[in-house]
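There are two complexes below, and they share subunit A, which is joined by subunit B in the first and by subunit C in the second.
Moving on to the complex of A and B:
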């Protein structure tokens, strides 16, 4: 076919006029570069430049009340030293955010997988129920935070149900005590994002070839063996993608907590994002906040790069 | 897997999931149609006896909201809704346009290298609070703070990874041979992209546009730190109500929450098939 010859890849027919091929390649590269250029420019201007400024700033003692950033005194690693050694609030926020990530992701994954497995069965109204169960992930984070703030009020519906089931003495003040406030944050986050796990895991399960599981069953495999030996290996890359993408989001968690608790009571539910926000925009310690932001950035990069390799392989594979 | 019918216990599990999913949405909608006397009643009222749309009227009526007005929320939500529409529509259009070019570039001229997915993904890892600080400083210096231009620039940048990778996964689905057949008729490569590939992925283009709109419409942190008085968005307005009124404006806030939520839920249903693709940067296609 002539069309195939036109698209000559270097590996295809090695004997065919190498000179002509070499002449065409730079032009193809040129158009590719031009097409990706606007995107690259936006990324550089809007991400790289601010990050470079922030990086410089994190080595100074600048604050907006002291005039220009260029005149600010250079303090070297002082901000970083302070954060890592003395700032217990920062360390606590980091640990809290990591713990929150582990708890939320475990719950979301378990619930999402359970629901997805149920959806392998046949029942009426399945496609409607599927759509309805996805609704939470389409709601704005701010609205989710506000809604659960209302639900968890001391005279709100959740306490009404608790009072009905266990008596009026059992109702907690959700936002006054640390464990309860943390529970409220977790419940909110799990309600919001379990549907994403459900969606991704269901599409993964549906991709498991029917005849593979059927063959395993005929060969006498027990359901548990079918799951771990046949389904799980196919599902694994999908699970990795879901976990990586969600963990990136939970580490950044801000909107819902801002609406729900503002990090309170005290700093009991303060996430890293919330702490950096307060440093920069409530206390105006911009240089110090920038240093905190960079520590978070380096930490996240490290964590995610551990998990990212399988995902990027998946991305490259899906290119076909 | 061989599909088996659902037994009664499992049907109950699904029913529970359905109730838990819908209850918060039910509550916010019910609060939005409660008359002021029902807003904070003890015990809480689940379904108002006399549902009303008065909260929605108050929301967009500068006079009415001023009667509740304490500490800086004497503003109606009209400006916030307008601001959200302006910023989201423009930013979405730009993000999808730039993303489409990049998607074709990456898909058809795959010399971007294996590292590119990593670079683009890592752009999503920056906590917004971390990039917000330098943005405020730079934008103050070049007078872009508190302007829609500044907000839109940021929105384009933060949604670009999503639009690029989602669109790229659609372009990947179009066989190269179709473009090449077109080129035999004497068209340039660029024309082949424009006249063959783009019409073939218009469904994907539509889904991507709505998906990016959802992201922009939901954004909160950047809007919060970059808006002082001349720009406003719905999430910021909602947060302002909660702060200033200590939550006593229940019904009106809920009405704004419903206004914010409805378009996204509709859009979400429309692009349901492609949500997984959008959320995972095209790594999962169904």
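Moving on to the complex of A and C:
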């Protein structure tokens, strides 16, 4: 890592003269490297060591109830095989999480974009509404989960409103039936994170040069065409980055589901993180859980790179 | 080919809240003209441009293209093209897509679009880079994309916002020639909006000088320079600008004299316009290059040389008469010594008199004459 920094052009540090920099190069252990050492050691301790241990663990049958990890039997790819071929609960959790990601992101994107477009205009109370809109994002996920758990109680405020509007027979038992439990999870998640989309898309929209839209208008584009043919393509990298950030978040979704449904009824709202949590800390199958976690990591990496492919040129090589 | 139109602005006015950006301007542009709207930033030229294009609606007044009012007509239906200062090229599309954007939006047949794109690309010299991304183009190529994208719509009027200001010096000359050529080949009516007098003089055959939301003069480049109609025009054009001196007229016997305190300039009789009485506050204007070294009877004024700046073929001298400070432009061989007095004169035709309060020119404009240079 340090080598890459060293090899950068001298212009990267304008205050230093190139000659002085070149003269120092032969000294392999420069002050710069020594200064980065503590940071590197911390990253080794907190990142590399646990990840390596977990990676090794995923090839064993270790459980904390059975003594040291070093004594655990090496089982090769057995855990992975089991997960991918036989563990329907795992596969269902993966599919459920992906479906949840698609639904939540679609809703959050649509709502966030609508709000952002609204905020391009002037209206009364705009700055107040702006602060209000950003508040959900600042609330702790656990608190959001707990709040919505109370809101969705069978005699809670949401059901009271439904009863008032459609009669007492229309009130669902939110956490007892699978579709309703899932709806509650989605509503909570969308409420919590639409502001992020709103914020990112608003800054993206504001960064679109006025003259681009003006040029399109003069050339004859209608508002809809201006949006889809000029603004949207310029906004695309921003949208993709927002989608990547949020999809990683939804894949890791834990707190709200844990507070709302604990994955229930049955496993109807069990996300992948919740399942791995249960494997590791309820069933003490730590090795098996580690294998599942690595599969999710690989899957997420694949998904993220897939999402970023169409905009990688714009993001990385945009300026020569 | 669409016949080039005449653009007419009648009492055009634009208020933003309490601020008047454009104050009832009148302007008539003949077909095939190249006109520069020249003025410092904040003078209202961009607002005027936006109103002509239709991005901004006037508070009052009328805009006529080919004799028909376009006020209230949406921008896309005005048949007026605008090339932006930053070119506003769609960087997510290829050059070809940029050029064809307007026609595709209007759902023209594919074959027609292809033909038009090839034709315009040829005209603005982009045939080689049609399938490139604008990201790899130079600024002059980007500008040509902006121009081509507009020309393909065959606008009856083409407006260019600060067309040369984003270009490197060597490209400016090339682009200037290309714009000239384009105008000659296409017979397009062109309007340049610029704050740069050199850009205005080099591109346009007529210049409308604007300040404070008003047009101070609309005339040929030669006349706006040589016979400014307003003190603003006099001080805005030229480098160094016209010397402007505040004072009043005095008659001493048969001689006419422009004075302020101890400073005085003897004026030839013919400079004085009709109806200008003694004692009125006036502004006298003489271009630095109009000042000539003279001796004896011919001398109009005596000035002390305070600074001499050699500029290669010329020298700029800073001169002092009483409270007035003047600049004079002399040939390099002229003997100028700092601290010494110098007798100077100027031709009567090159002396301008302006009203002290309004800044409006008092001596009548002479008919077009050969270039001042």
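Quick note on the criterion: the second predicted complex is superposed on the first by the 269 of 320 C-alpha atoms of A that agree within 3 Å, B and C clash if a C-alpha of one lies under 4 Å from a C-alpha of the other, contacts with A are read in each partner's own complex, and residues count from 1 in each chain.
Throughout what follows, contacts are C-beta pairs under 8 Å (C-beta built on N, C-alpha and C of every residue); 3 or more make two chains touch, one makes a residue touch a chain.
Because the structure is predicted, anything quoted here is derived from the model rather than measured.
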| item | value |
| --- | --- |
| Partner chain(s) touched by A:259 [first = subunit B, second = subunit C, both, neither] | first |
| First (subunit B), second (subunit C), both or neither touched by A:166 | neither |
| Residue contacts with subunit A in the superposition, subunit B compared against subunit C | B |
| Subunit B versus subunit C as contact partner of A:272, first or second or both or neither | first |
| Partner chain in contact with A:225 - subunit B first, subunit C second, else both or neither | second |
| Partner chain(s) touched by A:214 [first = subunit B, second = subunit C, both, neither] | both |
| Subunit B versus subunit C as contact partner of A:233, first or second or both or neither | second |
| Subunit B versus subunit C as contact partner of A:86, first or second or both or neither | neither |
| Overlap of the subunit B and subunit C footprints on subunit A, listed as residue numbers | 214, 217, 314, 318-320 |
| Residues on subunit B engaged by subunit A in the complex (per definition of touch) | 1-6, 10-11, 13-14, 17-18, 20-25, 27-28, 31, 40, 42-44, 46, 98-99, 101-102, 104-112, 114, 117-118, 121-138, 153-154, 156-157, 160, 164-165, 168-169, 172, 176-177, 180-181, 183-184, 189-190, 214, 217-218, 220-221, 225, 234-235, 238-239, 242, 247, 250, 253-254, 257, 260-261, 264-265, 267-269, 272, 275-276, 279-286 |
| Parts of subunit A lying in touch with subunit B, wherever the complex brings them together | 1-4, 6-7, 28-29, 31-36, 38-40, 42-43, 45-47, 49-51, 53-54, 57, 64, 69, 114-115, 118, 120-123, 129, 131-144, 146-151, 153, 155-157, 160, 191, 195-196, 199-200, 203-208, 210, 213-214, 217, 231, 238, 241-242, 245, 248, 251-252, 254-255, 258-259, 272-274, 276-277, 280-281, 286, 289-290, 293-294, 296-297, 300-301, 304-305, 308, 311-312, 314-316, 318-320 |
| Of all residues in subunit A, those that touch subunit C in their complex | 209, 211-212, 214-222, 225, 229-230, 233-234, 236, 314, 318-320 |
| Residue ranges of subunit C in contact with subunit A within the complex | 53-55, 75-76, 80-82, 84, 86, 88, 90-93, 101-102, 105-106, 135-136, 146, 149-150, 153 |
